[in-house]
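Each of the next two complexes has subunit A plus one more chain, namely subunit B in the first and subunit C in the second.
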Partner chain A sequence: MRSGTNGQPRRRAAECAGLLAVLAALVALFAALSDRFLAPETFLTIANQIPDLVVIAVGMTLVLVSGGIDLSVGSVMALGASLLGVAMTDHGWPAGAAALVAASVGLGCGLVNGVISVGAGIPSFIVTLGMLEIARGAAYLATRSQTQYIGPAIEPIGAPLPVLHLSPAVLAALALVAGGQFILSRTVLGRHLVAIGSNESAVRLSGIDPRPPKIAAFAISGLLSGLAGVFQSSRLSAADPNGGVGLELAAIAAVVIGGTSLMGGRGSVVNSFIGVLIIAVLQTGLAHVGATEPAKRVITGAAIVAAVLADAARHRWAAADLWRRLRRAVPATAMPADRL
Partner chain B sequence: MMPSVPPRVRTLGLNKAYAVPVLSDVNFECLPGEVHALIGANGAGKSTLARILCGLVRPDAGSMEFDGRPYAPRHKRDAEAAGVHIVHQELNLVGNLSVAENLFLSDLPRRWGCLRLGELREAARTALARVGLAGLDPATPVAALGVGVRQLVEIAGALARACRLLILDEPTAALSDPQIERLFDHIRRLRASGVSVIYISHRMDEIARIADRTTVLRDGRIVATRPVAALPVAEAVRMMAGRDPSAHAAAPRVPGPIRLRVRDLRRAPAVRGITLEARAGEILGLAGLVGSGRTEFLRAVFGAERADGGEVQVDDSPPRRFSSPAEAVAAGLAMVPEDRKEDGLMLARPVAMNMSLASLASFRRASGLLAAAAERTAVGQTADRVNLRCASLDQPVTELSGGNQQKTLIGRWLMRDAAVYLFDEPTRGVDISAKAAIHELMGDLARRGRACVVASSEPEELMSLCDRIAVFARGRIARVFERGEWTHERILAAAFEDPAGGAQ
Partner chain C sequence: MNRAPYVPAALAVLLSIAGCSRQESPPAIQGPGPSKPKIALIMKSLANEFFATMAEGARAHQQAHADRYELIVNGIKDERDLARQVALVEDMIAQGVQAIVIAPADSKALVPVLKRARDKGVVVVNIDNRLDADVLAAASVRIPFVGPDNRAGARKVAEMVAARLQPGDKVLVLEGIRTSFNGQQRRLGFEDAVRAAGLVIADSQSAQWEMNIASQIASAMLNAHPNAKAILAANDNMALGALASVRAAGLSGQILIAGFDNIRAVRQAIRSGEILATADQHADQLAVFGIEYALQILSGAAEPSDRETPVDLITSANVGE
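Coming up: the complex of A and B.
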């Protein structure tokens, strides 16, 4: 019986269902408040706007699970976008090569974050805070603080495809969510990240070097931030060195709404994705009902706190409930009571 | 006939269930001035009963009386107000705070919200001196202390309070003889002044010496409460297990080639030049007092702490010093650490994930994927080998009883093949029959040509388990005994020697 009960996946499925219920409730609420909200265009617009935040949230989830934090994502995205813009406008590079530059620069920034914080044992909060400034400054330097208008050459990535009505960027983001979840729950790297976030000392004493997985998480986060820069500039047809200010906080909010622990050791990429959707629906819905920008901020902030409170409550409740169900399902005599 | 004095504490029909019933209809009492031993297998419910008595857990049903009055503590504070104090099995100190702050955490001396540091320091010194830690600076952060010293700090904290009922949950699991003696002196003094003591332990010899009555718990039910003299050890063991303990005649072990060689290993200040070797098929014991350097030695061998000098050689590999456990493991070492909470377990994660941590590499497919089904099967088999008792392998480890947490940690290393296994207090908190099972597993490892090095604060354990015993004193080896040469007294005498001063 012991190896038969599989509480963990069930608990995880319940969490995901809870988040989807919140999302559905929000959609229903705004549909009731505004008759224009419940239309395919609304959702396609939302979908085509979020790929940058989605891929950044994927990387952020991996970093948070391992017990770190990456505050540099917004600036690294802007740096990636800026270099992409400069490469295409000033040097006439094709979109593909320029995108590769953006991604590599992101990867480089992530590696620097990881190597310095892990190698020297400095809290990632500080190292990535430094990178937040450095990458932003570099983006201004590269663009001479000017937004670079790129034009149609970059647009296909962010433009909706004919039949699907979704852009290649959206599809790529969805694939990366699937990939990120796969890494987290099915690979040894993912298991190491969870273990490091739970008790790093135990990981070390189990003969595992915790440094490579931690650096890998930062590298992935950087790479995805660079990629987010590509998505963003294709959506805007321009490279904006001011882009992504405060994006790190939006990403952290989405990931935490998705139930990932800021203390490390617990998280789900798919739930982070739903977290992004919740924030996006909330913002779009509020715009639909005519909320002002300040009111949107107040309500979004309140929603973040409410979501985290609900998550904490659900955790307590889910644990208790699972045991109650288990107890009913398994008569006491079937327990391995006198194995000793 | 009713006794004229009501019991200090009495429980009436207590029930508590988590996944399964943990306590069922428990009617327990402890008289004023009585030392009442509470025994039972791992997971029998001893710690849960203790936690209910001190207000940390609320029973599902049943009531309690304290000195004849109804008693229903809702918080630990209520229990402390009534004079109930507990020394926890799972050490419960805050690592970043100082020893002094930990000692008086729940009632820090203060005036207008400001700590009175001088007063705190003085009180801490007095409390520490009581358990023989007069030399310990109260400002030391707890994180810097070994498990044995931490246990003493917890005991000091409880002894510093005005107690009417003191609950000790496996207080001696990490202590060595002199400290146990000192603790017993305190218990006798408390008993003489009318304080009641509930003493939870797996060490039957201690119970015979200190307790007045014994209550045996099995699967959450009380099977017997008897005066200690009327409960022979064999019968108690049978009662705890619910059946006759199976006697195994262990096959003899034949020592083979040397698998671990340590030469003049040093790490200031605790390890001051240790040379020893362990052979295939051999179990080598490390005895000594708390602070004699056994833990630091094992950690330095394993690369968990960097050694200052000396060499470690596994099999025929070139001698060197390991700079990380990853290197040591790659060379064929394995270590079960002493501090399962800090260095061993991921408390909030499932049992399965905890067990497979050290052997993940063997479940890694070429693609980097985790072979989940194979992992699960292997974990299930190991759980059976170590007699693990849990509701599910997906249960967070923190919900397991102390002994079962320890078994999880041992299981982790049994899942991984190594040339030399280092065990630091491997049976801390493990019950008698599971301890026998673990000893048997170590015997198996040795018979299959592995070398085992076992540090324990319990000389009896080493004497029944080992082929040789090295006695540590002040960071050096005072003596090495072969089987047949040792007695409890000789080991103890060696532990008090000063190997440097030549006080043979």
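Coming up: the complex of A and C.
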């Protein structure tokens, strides 16, 4: 298990610095290419666009760290938004109650994902793939496949506050990033998730039941997806049953750019957040320079691969370094190679 | 502390790719001229040939009039990526453009963000898919629409089909996304012609503007209504989907198919007789009409009000190359 006590915070800080350097380089690049990019308005616009992806990335980080995957996030977000839209437009519910519905449905979907995949021992890839279809279908069903235009009633959550120029959704998303990082690095649940992702049998052999933490990770991911639906519909003033198609891939890309391992056992919520920022800056920057759609996709794809390559190189270097130091410390003993 | 050797290399790659893409839109590199307005064209899916043609027409127009304005063209990945299109409008406001010419992905949900653009003094011109009049009125914002009469165009196409059929014959309709104004207008146009000719619409379903969905739905419709005589599709992508399912059902030549948009693949199918008719709303000029109008409003030469652009019926008689 890679849960070094002293090295980890330092390594995480180093990773964070590396990601921030990439982010700064991207900003500098687009500032050079477009005369209006380097303006406060650009960054406030980006900030107010991303709360949905940010909270989904928080949940995705927890799931990936535990060695699972949640492909249903985009559809669950659309389902949450759809039910919120239907509750408000067809039934005249207040925004708060409708938002509660969206979050509860998300939590429910997450629990179903967790209980089925963990309880029956089915890979989460396939269970959440099923949920991706189910939730999308349910969203179409609830809305009769029509965009629900809600209007000003839902806008306060997504509209920028005076003075601060950030929306309540952004502030909530930031708080959830902090909360997610706290869970991951400062709570028993978080440590268990990391341990399960590293070596589940070792966890079981040390007398810890790995099932409750794993289910909890899926439940959190579902809850946050439902919440993302609230954020998105507040920004759009509408609930879009087609919303979030492919969002799971954007979230996974952001989380992996942030250095979380797809194999589990390693990850950071804060770094996932920076991963989201990198993707958002890339998207907005490319829109500013008016890059063609094919160029946008090629560049975004290349950026994802480049970020993961950089991460892999850093870890190979760190592993080699650790190996050297261990050899120096215990020359005669054979040590197991650290997992990359 | 950052020892990642790949980061500089990765950025170099990014820079070079970005450099390539920049050559396609050179005007954005130059600083803004003193009086040269910057216009953002925000499209729906640029993967859809119809919108790609529109964007190409706009780029060509800008190159021919590079002294008059700068152009930034953006689109979304697929027709339904509503959130991304709203984000693009926000990005373009932040970019400081003087005018936004937009083909909205949704006729209602884009209104709030376009109102924000208007509030910041950005000229907004609506093309292709008309914004919902009620929502515009509720938001108390006026946005001029420049575009074709889709209902009249769809009626012309359906009349062409009706001329080959007998009263009482059954036809099938593939609708676009039901929230879209274009989709609604084209369906109404089909209905006008069908009613006038005494035909019967046996089934009418939305295929979301997409070929693959259209072929699945058309196959199911053909199974359910084996005596149907024609399929009216609200765009050419769906007409091609219908054509695929007609071929798969072994009914080639027995079912008349009509589309809307006049894309190249459908022109080929019209020449080979597999598709009967489509409507040309001069896609390459639609964005240009909007841009020209935005320029007129910016220079104070025009008041914001709706404008109609031409729609022509295309059949084997006038399909051309």
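Some observations on this one:
Please note the rule applied: the second predicted complex is superposed on the first by the 312 of 340 C-alpha atoms of A that agree within 3 Å, B and C clash if a C-alpha of one lies under 4 Å from a C-alpha of the other, contacts with A are read in each partner's own complex, and residues count from 1 in each chain.
Here, a residue touches a chain if its C-beta (ideal position, glycine included) is under 8 Å from a C-beta of that chain, and two chains touch if they have at least 3 such contacts.
Since the model is a prediction, treat every value here as computed from it, not as a measurement.
When subunit A is checked against subunit B and against subunit C, the one touching more of its residues turns out to be C. Contacts of A:Phe125 after superposition: neither subunit B nor subunit C is touched.
Of the two partner chains placed by superposition, only subunit B is touched by A:His192; subunit C is not. In the superposition on chain A, A:Ala287 makes contact with subunit C only, not with subunit B. In the superposition on chain A, A:Arg266 makes contact with subunit B only, not with subunit C. Contact with subunit C, but none with subunit B, is seen for A:Asp35 once the two complexes are overlaid on the shared chain.
In the superposition on chain A, none of the residues of subunit A is touched both by subunit B in one structure and by subunit C in the other.
Residue ranges on subunit A touching subunit C, taken from their complex, read 13-14, 17-18, 21-22, 25-26, 29, 33-37, 39, 41-42, 44-45, 48-49, 52, 145-147, 149, 151-152, 155, 232, 235-238, 240, 242-246, 283-284, 286-293, 295-299, 302-303, 306-307, 309-311, 313-314, 317. Against subunit A, in their complex, subunit B makes its touches with residues 17-21, 41-42, 219, 241-243, 302, 304, 324-326, 328-330, 334-335, 337, 342-350, 353, 357-358, 360-361, 363-364, 368-370, 372, 376, 379-380, 383, 387, 389-395, 412, 431, 433-434. Partner subunit A is touched in their complex by these residues of subunit C: 1-7, 9-11, 13-15, 17-18, 20-22, 24-25, 28-29, 31-32, 46-47, 71-75, 77-78, 80-83, 86-88, 90-96, 106, 108-109, 111-112, 132, 135, 138, 178-179, 206.
Within the complex formed with subunit B, the residues of subunit A that make contact are 2-3, 5-8, 186-192, 194-195, 198-199, 201-209, 265-266, 323, 326-327, 330, 332, 335-340.
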